[in-house]
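Here it is, the structure in full.
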Amino acid sequence: MDVIEEKIIKAGFILPSFSAPAGLYCPAIQTGNLVFTSGQLPLRDGKLTEPGGKGKVNDAGLEEAARVAKIALLNALAAVKSVAGTLDNIERIIKLTLYVASDSLFSSQHLVANGASSLLQEIFGEKGIHTRSAVGVAELPLGASLELELIVQLKDNSL
Amino acid sequence: MDVIEEKIIKAGFILPSFSAPAGLYCPAIQTGNLVFTSGQLPLRDGKLTEPGGKGKVNDAGLEEAARVAKIALLNALAAVKSVAGTLDNIERIIKLTLYVASDSLFSSQHLVANGASSLLQEIFGEKGIHTRSAVGVAELPLGASLELELIVQLKDNSL
Amino acid sequence: MDVIEEKIIKAGFILPSFSAPAGLYCPAIQTGNLVFTSGQLPLRDGKLTEPGGKGKVNDAGLEEAARVAKIALLNALAAVKSVAGTLDNIERIIKLTLYVASDSLFSSQHLVANGASSLLQEIFGEKGIHTRSAVGVAELPLGASLELELIVQLKDNSL
């Protein structure tokens, strides 16, 4: 099994299989040695049924939202895999952008993002240390609580 | 005439001529074979007079907003042309980010984005299938209803 | 002294020294000849004590917010320096994204952004003319009034 997917399992998660949307846009694109992903919602099997996956985040829901950020991250990694073949081809995580649907006065978007950032570090080690922007937005598609996108760099020998 | 601009006309639109803002920032920059655009408002002749071009989007205004997204997209393509010479030099649309000024509880930002995504596919075919993030923001410059930015990859032989 | 840092001083500012967060993410990463920064808040010595550094921006606070955008920009440039060695290695500023925590009906995010854009031009001249997106978001980490990120291109001979 791939090294990185094993680490995802050791962290208590499973990389979802990605059924690319047959449609107007795609989950990820490689350009040069960079991969850009689409913004990923915390969907499981195409649904926002995850506790904390819908609605606006506030202080009471912080811990749940940080967990939900991991789900969106796994979807983003599955998107990367769809073009990179295997996550073992990742040289480094370059950028993580997290949009958090935020209740008025909720100002801990960075702590929600820590849910995803800590999982990246657990899975990828040094290569998982990324740049990051976390902002609180008004509304997200389907009423999702958050949306996450990645830019990653692939290993030169994987191109 | 350029192939892509002909397709824009067949789709019922016209690529606006772009008068670069003489100022502090610019409509697009090429770095390597990528072009980044500034966030584009749905301006026509420099004004937000388009129906649905101003104010927050809600379910009742969804269809209009999806049409307005096409206007912002054409402005972004005009920005790309300002550095690429011709849209025929585009190898692929890499990323589309759409910020939609959203009424409370409006959660169809992805359907607004489909307005732009479907026009990209109509114009560029396979090369127009991109990654995408669509989020609902609180407010936008000049009270615009949406703001759209692109990252595109140019053909190697056009550099 | 470095040329660009001298220009920052001539503009009336000082480039902050950057103590990289020991943690889950980092201030900036170089990939190829591009540097991506994390979203930067208008922190001074790690605190949001700057007037106008916290809370939502409205028309009355516009001028203050434009000044605060310069603080966030200097933090972003310090982040770039942390990987580029010196700001003199910057070939061009590619992209500036500014998220402004916005009061209802505040629609001058672009004028807030002008604070950062004009400082870039003052410091870098032609090389400081960038692409830009400015959007009004609901909430930001720590209650900050704005968050700013950069993509810059380094000189080839600095790689």
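Order of writing sets the labels: A, B and C. Residues in every chain begin at 1.
What we mean here is this: a contact is a pair of C-beta atoms (placed from the backbone, for glycine too) under 8 Å apart; a residue touches a chain by one contact, two chains touch by 3 or more.
Keep in mind it's a predicted model, so treat the numbers as computed, not measured.
*Asks:* If chain A and chain C share one sequence, what is the angle of the rotation that overlays their CA atoms, in steps of 5 degrees?
*Replies:* 120
*Asks:* For the copies chain B and chain C, give the interface type as same if over half of its residue numbers appear on both sides, and as different if under half do.
*Replies:* Chain B vs chain C: different; shared/all numbers falls short of half.
*Asks:* For chain B and chain C, what's the span in angstrom between their mean Cα positions?
*Replies:* Inter-chain centre distance comes to 25 Å.
*Asks:* Where in chain C do residues touch two or more of the other chains?
*Replies:* In chain C, 32, 137-138 touch at least two other chains.
*Asks:* Within the complex, which stretch of chain B touches chain C?
*Replies:* 24-29, 31-32, 36-39, 97, 99, 101, 137-144, 147, 149
*Asks:* Show which residues of chain B lie in contact with chain A when the two form their complex.
*Replies:* Those residues of chain B that touch chain A are 32-34, 92, 94-96, 102-110, 114, 117-118, 120-121, 129-138, 151, 153.
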